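After this come two complexes, each holding subunit A, first together with subunit B and then together with subunit C.
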Partner chain A sequence: MSVFFIASLLLVAALSFGTTNDLGNAYFGHSLANIEALADPAYRTVLLRSLAYAVLTSAICLVIAYPVSYAIALHSGRYKNALIAMVVVPFFANYLVRMYGWSTILSDQGPVLSLLYRLGVPRSFHIVNTGPGVVAGLVYGFAVFMVLPLYAAMERMDTSLIEAGRDLYGGPLRTFLKVTVPATRQGALAGIVLVFLPAMGDFVSAQLMGGPNQIMIGNLIQEQFYGGQNWPQGDALTMLLMAVLLIGMAGYLRRARKDEAEAVR
Partner chain B sequence: MSATRRPAATARRRRRGVERKPLFAFACTAVFFFLLYLPIGAVALFSFNGQKSLVVMKGFSLRWYRAFFHDQQLLASLRMSLEVSTLATACALVIGVGLALGLVRSRGRVGSYAAFIMLVPLITPEIVTGVGSLTLFKGIGMTLGFGTVTLAEVTFSISYVTVILRSRVAALNPETEEAALDLGATRWQALRLVTLPALLPAIISAGVLVFAMIFDDFVLAFFTTGVSPEPLAVNIYSQIRLGVQPTINAVGTLMLLGSLALIALAIVVPRLFGRTGGLEILTGD
Partner chain C sequence: MRRRTRSPLSSPPPPPPRSGPDRRSLLRAAAAGSLGLTLTGCAYIPHAESDAAAAVDAEPPLPMEVDGPLVYFNWADYIDPTVKAGFSEEYGVEVIESNFDSMESMIAKMDAGNTYDIIFPSAKWTQLLWQGGQLHKLPLHLLRNGDAVFAHYGYFDNPWYDPGSAHSVPFTMYKTGIGWRKDKLGELTGSWRDMWDGTATGRAFLLDDRDEVLGFASLQLGCGAYAVGHEQLDRMASLVQNLRPRLRAFDSDDYDNLLNGDAWLTQAWSGDMTSVVQQAKDPSVYGFEAAKEGAPVNTDCYAIPANAQHPGTAMLFIDYMLRPENVARNIAYIGYPMPVHGSEHGYEQLVSTLPDCVVTEQDLAANLVFTNGTPAQEAARDACWTNIQAG
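Up next is the complex of A and B:
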């Protein structure tokens, strides 16, 4: 059994490093030109845009997920398990099909905009093909990843803290902000990571919900492999994406460890 | 009269104040669920549309389902996806079970490094894994196609299998296996006759979930597939890029039904074996 374990471990190690870290292997002979090309202002714009979209997506997901997970974890009684299962089920519907449905609903002829136009919103208002449209797609795609860790944190939370907050004459909102939010910070942090990572690498939302002016770094990478056929450049962009994400992860881990140390004290 | 009632009323009001249902949070939750299911519902609804439109529903018809079942290219994609998912799930289960057993039992530096490596694919964005796999496969001269997709999906799903099974392995009572060994079983017999049967419900659930994930996976398949046939998700992607394709509504609805059936299976199977729960696969406990 241990032989089997070591063999499978080696296989996984070889494969996971092969697929995540050894990216440039096939191109070691090349110059640094591809890395230098990353300094191109066009790339910088796309990278900054991707960062902005991913940060915004995480923030919006957080704002949505707090009341939702609060209601499910603390106030749904015996429907709790059914509700949390309902949160997870759409995740198993095909991501592309979901995004496709979402983009039809938010399209110019879709039900949402038809209603808004009838209510007097000017015809020049669009969702699909705009930056906010891309963010709307990302939020729809990944909100579940925020609800689940927050829900877990709320469930573990000591609810007598909330009662204490109320007994000390905190209003509902104040108690929520001063007691519930700090007590569930670890869940929120985990959720932010879980949303930020896939949002940063996504290219489907930008494709379906945005136009050529809203492309993200994922679209650039995909183009290098399928349109431009410039693989080394695509690899370099992937490394750049990975570097950004690793910096983010390092920040998260440091923060989580600090929280843990504080909790022990 | 009213003077005697007042204290009770205030007390009641105050108690209700503490337990008051958070209406705002409930409203948010209702809107959240509505929006979460709206696109899926729309896809399912318009798959029965008599027209080609994706916004106007006119008449009930099965023509898009018929179109799907007559589309040779889509059917070839479906078959490929089924084959890839089956093969990759089987491989991932074998390796994942071995890893879970090994990881739980090897305490020490190797074990903790291995546990860390296991988590790397889970926190890497899929596009990075996809690009990495493509570069690696091309670098060692493999032809893109069925084999590369399957290999990529196996590496991606091993981590899921191991993570799901690890807690179950840890919860096993090691004494039962020791008892088998004391009674003269070989290590292999003890594994086959004692440990694996105890893990079977969890293995089946993990297999069903991983199968659903692989079948639905798009990004990895997109980067590692050859030209023809393409896995179903990749085919769908190329079609929705071209514009209105009502057939996709029908395919999407069928895929959704398939996933639901699989989830139901993942929940039901452990219960058949006399365990409560099974739902923890969804809730992540």
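Up next is the complex of A and C:
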């Protein structure tokens, strides 16, 4: 796996110095034009926007997934497997198909807005082609990656610790903050990383749920590969995105290693 | 019907991580894996420099006879299936169909080493392909219905993209204009300025297409359909930015946006508008206008790749497709007009409520087309488009 991953990464890195011919075919080279083009302020704007959307998506997913995972792991009794299946099964359907579905359901004449308009919501209210629409799409698309690690962490949590906290006169909130949160922090961190990474590079949600002011870095990369037919420029953009993500990953891995070391001790 | 939407290619979600004895490392590995997911898929295709077009042109002329099955490569649903089946039946050959979803992916598949007998490139791609020595020269005199095209549509005797139509036969024609909801906006003025209609603020769309958006701007500034000067590009970008607050999105799905009510006003392709009126519950609420500043026109062509295995069958196929009855059936099915004499009336009836969909001799003669610039010019246009998209 690593060989394939690293080899393709090197290929992307090498081709970011390449050029194209008239038919848009990519050639290896040693041109710095693609790297220099990244200085265009347009890329910075879009990169920052993607970062903001991905952070927001991770935060919303955490807020939604935490109580869901908690309820399933600790309070669902024999329905546990059925409930987990209800979370996971919709994600067996292709992400693209689900997003197309959402964009139709949430369109102006779709069932959701038709109902809201009838209930008195002003006609100027839209969901599709808005920033919240894009984030909603990302949240729906990746929420399962938050639920599963959190669920795993909660299921493995020693519930007797919660009882012990209560026995020691800890209130529900204090027990939650002092016992449950630390015990599930690893799961939450893993969930945040699992949601943040694909959300940052996503282009489907912005394409189907976004408007002119919502495009993400993934859309610009996709445009270079499929529209502009300029793979070297797309590779240079990909490397830029990778660099940003690697900084985040490095922070996470350091944190995880520290926790692991503490756990061993 | 053919859709001009750029389909996003999605990566399937990674399998959900399961808890195990060493959960932390497993989660870390999964996280690293999803980092990989964010990489846009990239498979570098080695490509040998193609022979000069002259070498291909010097080959002996193609025959027009069955020499194997027809390997057919086109947009999905861009032909009446009964016409395709009819060819198979009449000549006793199998039609092996595959589809592309953009010109770029068509080229990528050809360059990856796949061979096709008949392809349907648009005008600018036809030019790139024949200049790269990737298209056979066609013996047009063999086509029994060739006169219906070339004797009646002078434009195609010597189109800009392929002198003498030496390597291509025109298949369909279309133009770009404005599609709108008459019940919401009433009548428009016949100008690209209609995109600024105040009532449609928040319900106006431009196509998500570099050439179309830049063409929309340059035509208004009187710079033709394909401007490349830096100063012109700056002015074009400002013009689009001026419209931006009124726009809901850049989206090439003009057909769905009009039908599902998201769009009251959209830059639109004439062929998609035909589909709108065919699908709409009440076609009378939709309008289409070609702007007086100019409407870009485009052509999709039949072409036979230089490495086709069965070019004789492909020639027969073109000949068969040009028969009047097949032209009529295809027009009714896909909704695009074809430059074949005798088919005009049928198309006019199809778009009786949207007369501007008809591509006239005058539209063709105006020659407002998206050509191929030099690499530097194309790069400047790309940068302009990126800036427009980024906002």
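What we mean here is this: the second predicted complex is superposed on the first by the 220 of 265 C-alpha atoms of A that agree within 3 Å, B and C clash if a C-alpha of one lies under 4 Å from a C-alpha of the other, contacts with A are read in each partner's own complex, and residues count from 1 in each chain.
Following the convention adopted for this analysis, contacts are C-beta pairs under 8 Å (C-beta built on N, C-alpha and C of every residue); 3 or more make two chains touch, one makes a residue touch a chain.
These figures come from a predicted structure and were not determined experimentally.
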Quiz item: Once the shared chain is lined up, is A:Gln207 touching subunit B (first), subunit C (second), both, or neither of them?
Solution: both
Mind working out whether A:Gly131 is in touch with subunit B, subunit C, both or neither, as first, second, both or neither? neither
Exercise. Is A:Ile105 in contact with subunit B, with subunit C, with both, or with neither (first, second, both, neither)?
Worked result: first
| query | Given the touch rule stated above, what does A:Pro67 touch, subunit B (first), subunit C (second), both, or neither? | reply | first
So in the superposed three-chain picture, is A:Gly170 touching just subunit B, just subunit C, both, or none of them (first/second/both/neither)?
neither
Intersected contact list for subunit A, partners subunit B and subunit C 5, 8-9, 11-12, 15, 20-26, 88, 94-96, 104, 107, 109-110, 144, 148, 152, 193, 197-198, 200-204, 207-208, 218, 221-222, 225, 231, 234-235, 238, 241-242, 245, 249
Within their complex, subunit B touches subunit A through residues 17-18, 20-22, 24-26, 28-29, 32-33, 35-40, 42-43, 46, 54-55, 95, 98-99, 101-103, 106, 114, 117-118, 120-121, 123-129, 131-136, 138-139, 151-152, 155, 158, 187-188, 191, 212, 216, 218, 223, 233, 236-237, 240-241, 248, 251-252, 255-256, 259-260, 262-263, 279, 282-285
The residues of subunit A that touch subunit C in their complex are 5, 8-9, 11-12, 15, 20-27, 37, 40, 42-43, 45-46, 88, 91, 94-96, 104, 107-110, 124, 126, 128-129, 141-142, 144-145, 148-149, 152-153, 155-156, 186-187, 190, 193-194, 197-198, 200-204, 207-208, 210-213, 215, 218-223, 225-231, 233-235, 238, 241-242, 245-246, 249, 252-253, 256, 259-260
Within the complex, subunit B is touched by subunit A residues 1-2, 4-6, 8-9, 11-13, 15-26, 64, 67-68, 70-72, 75, 81, 83-90, 92-102, 104-105, 107, 109-111, 114, 140, 143-144, 148, 152, 163, 166, 172, 193, 197-198, 200-204, 207-208, 218, 221-222, 225, 231, 234-235, 238, 241-242, 245, 249
Listed in rising order, subunit C residues that touch subunit A in their complex are 6, 8-13, 16-19, 23-24, 27-28, 30-32, 34-40, 42, 44-45, 47, 49, 102, 104-105, 107, 111, 128-129, 131-132, 134, 202-203, 209-210, 244, 247-250, 260-262, 372, 375, 382-383, 385-387, 389-391
